[in-house]
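First chain A sits with chain B, and in the next complex the same chain sits with chain C.
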Partner chain A sequence: MKKKNLIVLVILAGVTMAIPLGLGNSYYLNVLVFVGIHSLITIGLSLLMGYAGQISLGQAAFFGLGAYTSGILSTKFGVSPWLALLAAIFVTGGIAFLIGAPALKLKGHYLAMATLAFGYIVYIIFNQASSFTGGPSGFGQIPRFRLGNFLFKTDVHYYYLVWILVIVALLISLNITHSRVGRALRSIHAGELTANVMGVNTAKYKIQIFVLSAVYASVAGSLYAHFITFLNPSPFGFHFSIVLVTMVVVGGVASVWGAMIGAALLTILPEYLRAFQDYDILIYGSILLLIMVFLPKGLFVGIFDLVKKRKNRQ
Partner chain B sequence: MGSILRIEKLEKSFGGVTAVDGIDFEVNPHQIKALIGPNGAGKTTIFNLISGIYPVTSGTIRFKEQIIDGLKPYIIAEKGISRTFQNVQVFEDMSILENVMLGRHCRTRSGFLAAALNLRKTRAEEKRIREYSLEMLSFVGLEAKRDEAASNLVFQQQKLLEIARALATEPELILLDEPVAGLSVPETDEMVQLIYRIREIGITILLVEHDMGMVMQVSEEVVVLNSGQVIAEGTPRQVQNNEAVITAYLGERETENANYTKS
Partner chain C sequence: MKKKGKIVIGVVVAVVIVLLLVGPLSVWNWVPTLKKPLVTYKVGALLSVTGPAAWLGTPERNTVRMIEEEINEAGGINGHPLEVIVEDTVGDATKTVTAAKKLISKDEVLAIVGPSRSGTTMAVIPIVEEAEIPLISCAAAEAIVVPVKRWVFKTPQKDSDAAIRIYEYMKEQGISKIAIITGTTGFGDQGRGQLKKFASEFDITIVVDETYGPEDTDMTAQLTKIKASEAEALVNWSIVAGQVIVAKNMRQLAMEIPLFQSHGFGNVKYAQTAGEAGEGIIFPCGRLLAVDTLAEDHPQKEVLTRYKEEYEAKYNEDVSTFGGHAWDALYLVIEALEEVGPDRGKIRDYIENKKGFVGTGGVFNFSPEDHNGLDKYAFEMLAVKDGKFVVAE
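Coming up: the complex of A and B.
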């Protein structure tokens, strides 16, 4: 990892760890827990989309698989939430592997369609397998995380848990992007056939990064399940998959920092726009549109470029 | 030791079109050999068959006596065959050094887990990748530009970058697809010198080229293709005087004269 990234990561860690001191158990902190959960998913998705160049419109399904596996195991089978989180990683990762092996042979729009179809199937299962999932009305009383005698119950507790995992995920992702593996992923994006001829097992790397992105989403799902303690299918539908892709693109697709910025913006923005009541969707849409028109590379790269341009002018 | 590359009864058809129609030839170790022929003769198709991009229709390709047809491109690269492309294929969003470092991929090991944890072993390997790649960059004379984006390079430099990247895979055989196409006369001379230097470090070279002056200067042996078949093989002097070759390139002598007298 480059020094610059490490410095930013340390600053981010410091700032995120200090935030609850100022906010306490407020509504804002609750929103920030969601920013963290969404960031976990988008960091994984940006590795898949921005680095390896593979599109997934089924990421909400992996999020849901993580949440439901964790929720069902801990609620109906008495498995501890930590163990359930771990089991969910294997279940979701395994399903991603089975889906990815054939789907990743497809390219571009076709891969997007395949993952979209997968997302729909999972969504239907959440609705229909009601003896396990509670159907459309869902199920509750999912146990919370516990560490010895310490029970994670407040927003502050979950805030720390979620954001420590976000920072670990960032660290892992930055390490990967600056490694031999990261280079291989980027070469697949730039020219899959050339990468293969130059000695990269492209099929293997595509599956591995697909599974990794699913695992990130699964962890986010488990955190969600044990935080909200209630699950129903609607947060895991097609709409949320699109929101996730939008987060990554708005933030800047080729950067894990951008993925986090996008997750933060698209999670916080709707909360603030509630003040505009019926016009909130209109304003939300306009803001996204303006970002994509004026900063097509996303916020992260876009703002850097603007600063650079201004410096050059002076 | 026998031939490094041996191609036997090689055939490739796309639908009903036969692009390569029963070709046999061999490349000896440390040789510079050229494949020539008019457009559509099947030269690039043969390169794509050797590097595993296309499956062969029939026939065999042996590299160091081992059959390699049917293997995936990345495995063929691991075995020691690398190449450049007719339409230069550098990774444009990556830096020049990163392009070459990608070539080291098949000679290194660190996987996802080692990368994620950034182990000491991984960092040491990354350092070795960087050093080796810098060596390859200076071999082709691009070390000063190592941190620039590959898309910033002019055409000739992109060709050099492709060669550096191919060399980074430590090939025993390198396939150069039109190495001097689009280059000026002095640039062509530099490329010829580079090809000699590649041979000096023990690498066998098979090239496809349309620039006949360059081919005749650099190659020890030439295979002439026409319509997917070998029509001549030998030293540059031998093929230059070969009747079939002259016909393939210039058309029938008699017919030409006949047309001439008519008009």
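Coming up: the complex of A and C.
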């Protein structure tokens, strides 16, 4: 890992751990918990989109699979939430492998289509398999995480839990992107044929990274389930998959930092704009439009480029 | 020239940014007022003003805004101004949870009206129970108040009573074999459960049981199956567009059996949208929509007439029962504030013991065992006749 990244990571860790000390309000912390949960998903998605050059339109389904597996196992079968989270990782990762294996061997955006269809199928199953999922009404009373006698109950507890996991995920992702695998992935993004000729097993790497992104989404889903303690299918539909892709694109596709910035922006902005009442959607849309028009590479890369240009001019 | 253009763009962007930053801070509140009013009573409202259930949330929002204005014009609650903070839930569970936390910990509201939908209500129940804040839901599902939750109430009539009233009516008409078709939303799913639960009690057999998604635009496939069955009537249980589509598809398939809808049909817009296909639809509903045909001495007559006239004069659109649910919920809170003051626990106790509260949904009699307070007679069987709602014969 590059030294620069490590420094940023340490600063980020310090800042995130300190935030609750100055911010007692449960609403703000709740928003930040969602920023963390969304970041987990978008970090995985940016590895897939930015490095492997593949788009997944079914990330909300993996998020939902994680949430539902975790929720059902812990609520109906009395499994500990931690074990349920692990089980969800295996279930979701396994399913991602089954979809990715055929889809990723094809050229072009077949993964996008496969995941789009998959997302719909999962959403329908959540709605229809009511004996397990509670159908459209959902189910509640999902137990919270517990460490010995310590129960994760308040927003502060969940804030720390989620953000520690985000930092772990960042660490793993940064390591991957700056390793042999990362270079191989970038070569796929740049030109798959060239990569193949150079002896890179592109299919294998693409599947690995796709499964990893699904696993990140699954962990985020488990955290969601044990945080909200109620699940129904509505947050896991196609719409949310699109929101996730938007987060990655707005933040900057080719960087895990960008993915985090995108997740933070698109989670916090609607909350901030609440004060504008009925005009919030209008302003929200305009801001996204402006970002895409003036910073097409996303916020993270775009702002860096602007700063660089300034420096060069001087 | 080019530079000038850039400067102009720069200034515009700067002004927009400043406005964006300053707007939410509401600097306007810092302007000192000459006469300091008493502490404002803040009440939260979680309503699905936009999104798939906007047909519920919009009249609810209009209603609470109207009441807020009226109360403040009349001098507030015991002199305290009333502020209703409306948050749009978009009908989404995640957004509702965040908005609820905002109302509770940032705005520190005394009570919450809403959410509009059953699913979103279920999602916020753990939060209000933990924060110990009274919530008066405007959603239909019975699971909201059964089993009773300490801090949770609801104003719409019960699902089970709607199913019972439909079945009672069917018995009178000698119908015994029916088909049901329900939307896969929280509301439709709960209704399906109630229909199946009470069928045997009324010797009614459900011969076909179909569902459709909330965004589906055609139910011909399901209805063809129902047409081929021996069903003597069809019950559709859903909210929003599905209710109209089922009626229209039935007409296209030349189905003759009567169509029953749930109390989710309580907006005359549905009947108007369905047009000719909507004629003859029968459904259980609060008396708001048939207020003109109500006897003068009916206990609800005065409240219903007042709400209908005020709402229709102000917004120039027909009232719906959904706005009525918000009216009942907010007036319960206002009455509690008047009697016991700004204390969350006392507001809860007051509502729990409130008897004979005349609302738009019926006459409410709350008790520690019943946080809905309505019985099956809060429903009247209505029918669509010439694009209007009349009491069914």
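What we mean here is this: the second predicted complex is superposed on the first by the 308 of 314 C-alpha atoms of A that agree within 3 Å, B and C clash if a C-alpha of one lies under 4 Å from a C-alpha of the other, contacts with A are read in each partner's own complex, and residues count from 1 in each chain.
By our rule, contacts are C-beta pairs under 8 Å (C-beta built on N, C-alpha and C of every residue); 3 or more make two chains touch, one makes a residue touch a chain.
None of the values given here were measured: they were computed from a predicted structure.
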Check chain A with both chain B and chain C modelled on it and let me know: fit or clash. fit
Of the two partner chains, chain B (first) and chain C (second), which one does A:Ile176 touch, if any: first, second, both, or neither? first
Contacts for A:Thr246 in the overlay, against chain B (first) and chain C (second): which applies, first, second, both or neither? neither
Draw lines from the C-alpha centre of chain A to the C-alpha centres of chain B and chain C: what angle do they form, to the nearest 10°? 140
Thinking of the overlay built on chain A, is A:Phe276 touched by chain B (first), by chain C (second), by both, or by neither? second
Which superposed partner A:Asn5 touches (first chain B, second chain C, both, neither): neither
When the two structures are overlaid on chain A, which partner does A:Asn201 contact: first (chain B), second (chain C), both, or neither? first
Tell me the contact category for A:Tyr27 with respect to chain B and chain C: first, second, both or neither. second
When the two structures are overlaid on chain A, which partner does A:Ser137 contact: first (chain B), second (chain C), both, or neither? second
For the overlaid complexes, name the partner, chain B or chain C, with more touching residues on chain A. C
Minimum Cα separation, chain C to chain B, after superposition on A (Å): 30
For chain B, which residues are in contact with chain A within the complex? 51-53, 72-74, 76-78, 82-83, 85, 89, 91-94, 98, 101-108, 110-112, 114-118, 122, 125-126, 129, 165-166, 169
The chain C residues in contact with chain A across the complex are 20, 23-24, 26, 49-50, 86-88, 91-95, 97-99, 101-102, 104-106, 118-119, 122-123, 125-126, 141, 143, 183-186, 188-190, 211, 213
Along chain A, where are the residues that touch chain B in the complex? 1, 172, 175-176, 179-184, 186-187, 189-191, 193-202, 208, 212, 254
For the complex, give me every residue of chain A touching chain C. 25-28, 30-31, 34, 124, 127-128, 130, 135-138, 140, 155, 224, 228-230, 232, 234-235, 270-278, 280-281, 283
